[in-house]
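To start, the structure itself, in structure tokens.
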């Protein structure tokens, strides 16, 4: 975690977060250089999703420092003693630089696939419609969905929906892609096609942070792996270390069970 | 059965049918706009606006339309002449008419029901879709405008169709504030001729026809976004 | 036994109910007098306007005793007894000192009239091109609008009009403007009891009783309680 | 215009105050509504099961029932059903050489409003049954439950929470629709209000009193329905 | 499939079934002796569920013969040329001898776990309440849910719900247990606990028919494996044969992909 050479694409330090009295994140940090693929693994309930959602402020963390492409996120402490973003505009701007892919796709069902993909470029970034469509079509071709561009999400299989949602996230040119278990809502036969797309993104040198249960895949594509346990980083390092020679006893157990 | 009177009263009937349609259109359009405000403020974080909207909906859903109409027309309306300047203003010819108050009461009432439905529909939009919108950097306002409301309206669409039909059926009440809508026309004809059923039957056919039309329009709107059907139920 | 169908909307002074739910009014007194004369037992059945004809036809009531004016159009559906009062047509308006109701006073005014009444017919014949008619489902509603200034005059039966002008609300705003010029073709028909077509026996009985009540002076006696004129 | 004293006099329970008339009217409204509600619920259950039975003729009959009743204004339905209904009944009785019967106003009001409510109840119940996850019914079938047992033990308890919001709405609407019963001459709250108002010419006072009474009735009913729903949803995880 | 020695617990022959014009089952047969554990595998859409549902008549097959514990199910041919059970009472009785465990648990949400478990014994079999409760408690202890017996299903994790639904199926003493992908609605960490329960049932010598995607598990616990493809049995035999040396090319492919 301590590799700070040039400006990192994403730098998150010492994130704390409670739900009510229940402290779920207890000082989690993460740094990703441009081109890094960071996998976050851990058992169910180890707060992986919560941490990922804190990164793009879908959950507002109680404490922590955030830097996206060198830009600091400013917070102010509210009357409740917790942090609040001091400038929601900034958050909104930064969010469009952090493409999020959800486990359950979350495509907007009242729009066709193409409309889903161009929604943010046109309405958030203000790109003109024609350019956005060109770009979207290129991306849909890349994820192999060009022929489905005018279909509504409900008519696509899970794998196709997930690929569409990846295209949607890519279309705003995010500097970092965030994936929250992008394959676990898919049945085994559909997982492959989505992993293929993600792998091609990794090969392109995209910066990515990915929560996943696919150990084999994480091992293959990641530059770093982070093992979360009860809201703390229990082990982190290159995949060879985390999977091959974990230091922490819990991580050892988890990795052993994962490759059953 | 005797329908000779239809010709004799045709102007009255035509005008009545026209008024019925106008009242329906006005109250649905304005009521729906007001309903959006009511629904949004009910799901907002602002406690004051939430309570105001809640109170509004409770009152208008909790009392009969007839009483609301009387309160607005005979109550509110009877104080209007005392508003300085209003009697001489260009608004007066409109504002002293029963039609104005009938439209107002119907609109306010429709908004209350619609606001409740829309609120439910907004809560029924899967949270993930809203998060996806926030995650691409949309502001709260844009999420509302581009994703939340359009989705909620679609979810509520089947219910809205029913509500518009209910609204149509509520319009006869305006006759009690001197608006000669179609039902009012039928009432007059019944009093004149002492025919009991024929005028009512005539009116019924009109309402059923209009209902059919409304249902068709909404069906068209629903079909605009195809949804995959669940099979086997 | 004769069952009298009386509309359950209040129409003072002819029929109304007091707070204990008892029917009172001029028409009730007349009914009592008629029944006394006939030595019949009479019952009052509350009906809504909407239900008068069906109630009559399905024999829930025997006679409509509820200020129904006699018209040719209505005669096609039901029979009427002889008139028992005349709907004297008068107008009420705001207190402005103008005390007559000729065409020049009504010009351009809005006049409230209960729907399908003799007054409405009269208006159509005499005032239709100079003033505007506004129809009300009950005369009561037109009084409220008169008080709030939405209409300039109420054109109605003199009885209810004067009754209204006796209340605080009426006293406060308005005054009696006078009766309209007589027109026997319209105003002469008056108000009678409505009877099932062909029920001639009852009609004759009631006609006789109405005559007897008038002749005996009873009519004038109870009318005095309500009117400062002879309603016949 | 009116001193507080005269307002109190006008609203006092004992005559010559009109408060008693209003209260009796309110009780009548409640009685009609409650009766109609029960009748509607029974009809609705038959209607929903009939429509879902998959039997052509049954579906046709109930579909016609719900479509027609829901398309025609209540006011017209009440007038038509009440007068044509009693008329028809008496004609049938006459044909069978029986004398006409006197239909009690309260009873007729309940029957007519209940018949109208039934159409709406049918749709609410049908929706509630369709909203039960198919799997729960299949699980019941898989245990060899007979249709009646399945209905009693699984469908009925599962549809109640689904149907309660709709039921609550219908209850509110039947209370307000009961005002329309005035057209058949039965004196409930709305008619009582008119009578009181036109006798005293204190329109606003009585309209507001009536509005307050209706509001009290609906707010109290709302609280009851919320409590019921909380009870029937006890097995469901609260939304966070 | 041809092992007919003593009375088989379940004997199903030549099942055909169409949805509209679409023939989905084209002559599937299955025989299970007492104590057999039959696994049905096959790719998604290969009609595994449909076949399993035909066994307990949740789908009415168009054609086929069925024998449960030696009792023949009688059908009559309706006017539409299809079979209908001639006696629904018989079907209802037989169903209670075939315990079904669904992929999505299908617990009844308005009853507590204990009420769920005793529902069928009390109301279908007419066992008295007290006996049923004793039995249910014993079963809940066995699946490790005794302490949750008074909770409502919605408050249990997926794995706990599935174990409860197994207890529910067991409580009517079925001669055959039918499982339709009992673990695929669970996340990986919950799968284990359910498989453990199923394995213990297999060890007890219960007759079971199980649709599953867990190849490794199927291989370990099954006495027979059946590979379905497009509504036909493409390969069947002991696990060592189907997994180790499949004859059919399709089965070979499927088994190879499954152990990726």
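Letters A, B, C, D and E mark the chains as written, and numbering starts fresh at 1 in each.
The working rule: a contact is a pair of C-beta atoms (placed from the backbone, for glycine too) under 8 Å apart; a residue touches a chain by one contact, two chains touch by 3 or more.
Bear in mind the structure is a predicted one, so any value in this text is a computation, not a measurement.
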| item | value |
| --- | --- |
| Common touching chains of chain E and chain D | none |
| Rounded Å distance, chain A centre to chain D centre (Cα mean) | 53 |
| Separation of chain A from chain C, taking each centre as the mean of its C-alpha atoms, in whole Å | 82 |
| Distance from the mean Cα position of chain B to that of chain A, given in whole angstrom | 45 |
| Chain B residues counted as touching two or more neighbouring chains | 74, 196 |
| Sites on chain A at which at least two other chains make contact | none |
| Touching two or more other chains - residue numbers and ranges from chain D | 79, 83-84, 203 |
| Chain contact topology (line, ring, star, complete or other) | other |
| Touching pairs - complete list by chain label | A-B, A-E, B-C, B-D, C-D, D-E |
| Parts of chain A lying in touch with chain E, wherever the complex brings them together | 43-44, 184, 187-189, 213, 260 |
| Residue numbers on chain E that touch chain D, as the complex places them | 56, 58, 91-96, 98-100, 102, 104-112, 119-120, 123-124, 152-155, 165, 172 |
| Complex contacts: residues of chain B adjacent to chain A | 126, 128-129, 131-140, 142, 146-147, 150-151, 154, 225-228 |
| Residues of chain C touching chain B in the complex | 49-50, 53-54, 71, 73-74, 76-78, 112, 115-116, 134-137, 141, 144-145, 147-150 |
| Footprint of chain D on chain C - complex, ascending | 8-10, 12, 16-21, 45-48, 50-51, 54-55, 57-60, 138, 140, 143-144, 164, 167-170 |
